[in-house]
């Protein structure tokens, strides 16, 4: 069984993403011209503006910078979750067009940790690979032969998200309740993002880290539950 | 091997979808009040407005009516394609939370048509089911055991799309180049839609049926290629 | 000067919106068939599921129910803000196609409260109306004559949003920092929504009401600032 | 009356947009690794891939490259149309926060061409400016004083769109039926886009230029109506 290795590479992004966002925000609040816009902001002003935008939740400005990742060594289980983030663009390796005879597989850590289960897993994957090859040899089209391919098969994908969509993605996928595989990938993406836009991403983490409490019914312990931080509402909100 | 049966059911939709859309369109072009809006349009006017909106491409008004389908008996190969339609809402049966020991499978017609391949397919699926059961029994979490589940496993999903998104979905998924399974499903959805909104959906078909030509590099023969219908451009477009 | 009167009418919505959403959510977590889906949930189960979905932030399910409003008596200042909510559908009365000679106006309360300013406002609006009429009479197209029409001119619009988009809209537009006019409209929408879907909307209010703190740099006093509720982070989040 | 001057500046974009898109598309159809992805494509291959993607309508790949424009000298009439393109990001100069006492105005060409109307227009605008100033001096908040500001007042905006959204924007806003002002702006944007991504934008024009016919009820004459190009359907589409 060939095992896949996760790789996350930032292949393109809006140049100078922090300044681009700060510039757009500056357009909203200051009566500046386009020419003034290009020269007016010092590095300190950029940093200050970003901090204000992020903490006060004025996140639409964050959309002006986008980041494109090429990713390999992930399972179809992962990408089926990933592509549910709809404010993003995806180009995924097609099982309809690409022959998968040399497929590699993703092994869940809890399977790897269990010798017996790992052996069973490897045998199942090897059987699948052979069955796939036989179907292809028998003239079954790739788009039909793939019906027997498991979630564990490696896939590759190019993903573009803007900063705001990435905040949401990281909020949810860095949570310890997220699936282990997408959590590893989210963390690798975050590491790349911090290199090119630390002012945007240095303070990113799971959603509890931003909220100050865990919004789920049960906490992993990192942050207390909402009800243990926020005093219960005494009365309903009333329009005044 | 338990085989899944495709089922498409329209479980909810905007009431009177055609009139709702026509009413919204009427708001754009006529100087009417909200009260006038509710009483002014005859059935003939509704039909005429819809026809005009659809043929002239003023499709934003079509978004005011939405349709919710519950779908079962489809493969994960299908839903991985389906959820790539991003202007839509999805709630899919989770392989992280639902035990799949009684899983059913989708069999591609070209596999079914080949006795030998069908037998191999059934054996592979049965082996997978047993291997999955053993992993669960050995204490592997469902979210990890599912790594060995194939694309062929049945999944269920609730999908909501507005009329405009459905037009786009049908344009592409009724095409003979679409995957056979999603094409069958698209056609079943279209049949349901025609029952409740014939004025919107009676003229729907693959994209060639709307364009009047096939936009792909090769045609299935239903419509001629664009280059065989549209005279070649004599000159570049120039702004005047 | 003819004054406009704000009117908000819910003209269509997904039937039984709460059950539709609960049904979709049920599909995710339970291994039910489409047939079981239609009969299995009691009213109590629906209510309990909705509460869980809303408080734990699993909001994608909320998208399966949509609401369509017809609105009149609002300014172009309001709609310019409204249409910035992009996950929504709009059909607005067109100043290119509709003759505005009988236009009505929206008067800001702080102008109304100042007798002198109100008089000046009324005169300015009346002058504008006459100037517009003269331009139309002189053969200037409506789309050009409208350049002199002020933000205060009444406009009418049909808006469709799903429940999740409405939550976001209400979060931000019920805040006392929102513009007064859109805040009044948001509250009128909320009142209509509570009538047809109390389980979804009874607990809606400005974002502070959901978060338990005010995320803005300054609070209106309804809720304390985040820093006064959430203990300061002792250390950066670290992936483990 | 101070007159505004339209300015369109491309302030940021995905580096090497054509190669970024071609790379993402290459991921879909070829069984390449991330490393191979970065080196495999020659300039000729990039050009060929782009052409194929564009003509065959596989436009999701075009989303991987985004373009950010800073724009000044446009009316609020224009931006109210612009922001209706929802797959885009906007940061607009706020009339709630920015004092408009030195406001400039956009003059429609058909007003300018009519000496008498131009004079009336200038007087109306000058009166408005003075009335606005008086309201501000009287303590009316900017967000309320702006109610008397006309559509003609200059606004400034930062816009980010991806290539696919730009194709749609140009399709509709380069049409001779589009409002004159947004059409001028669309053309200025197109000129900038051709400089940095000719392979993507050289063949862009109004939608008729792509379709080969005019989809509107009446044509401006540039292309014939659909019914004069496409033979009438002999029969309804039937699923086979």
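Which chain is which? They are A, B, C and D, in the order written, and residues in each are numbered from 1.
What we mean here is this: a residue touches a chain if its C-beta (ideal position, glycine included) is under 8 Å from a C-beta of that chain, and two chains touch if they have at least 3 such contacts.
What you are looking at is a predicted structure, and each value in this text was computed from that prediction instead of being measured.
K.L.:
Chain A-chain B contact: same residues or different, taking over half shared as same?
P.N.:
same
K.L.:
State, to the nearest whole Å, the distance from the C-alpha centre of chain B to the C-alpha centre of chain C.
P.N.:
That pair's centroid distance is 30 Å.
K.L.:
So the centre of each chain is just the mean of its C-alpha atoms; given that, what is the distance between chain C and chain D in Å?
P.N.:
Whole-Å distance between the two chain centres: 26.
K.L.:
Mark out which residues of chain C touch at least two other chains, giving numbers and ranges.
P.N.:
Correct list: 60, 84, 90.
K.L.:
So what shape is it, when you link every pair of chains that touch: line, ring, star, complete or other?
P.N.:
complete
K.L.:
Could you list, by residue number, the parts of chain B that touch chain C in their complex?
P.N.:
Going through chain B, the ones touching chain C are 7, 9, 11-16, 20, 23-25, 27-34, 37-38, 60-61, 63-66, 68, 70-72, 89-94, 97-100, 156-158, 160, 162.
K.L.:
Residue numbers of chain C touching chain D in their complex, please.
P.N.:
My answer: residues 75-77, 79-80, 83-84, 86-87, 90, 95-96, 106-108, 110-111, 114, 116-117, 120-121, 124-125, 127-128, 131, 134-135, 138, 140-141, 143-144, 146-152, 179.
K.L.:
Taking the touch rule as given, give the residues of chain A at its contact with chain C in the complex, in rising order.
P.N.:
That would be residues 52, 55-57, 60, 84, 174, 187, 190, 203-207, 209, 211-213, 215-217, 222, 226, 229-231, 233, 236-237, 239 of chain A.
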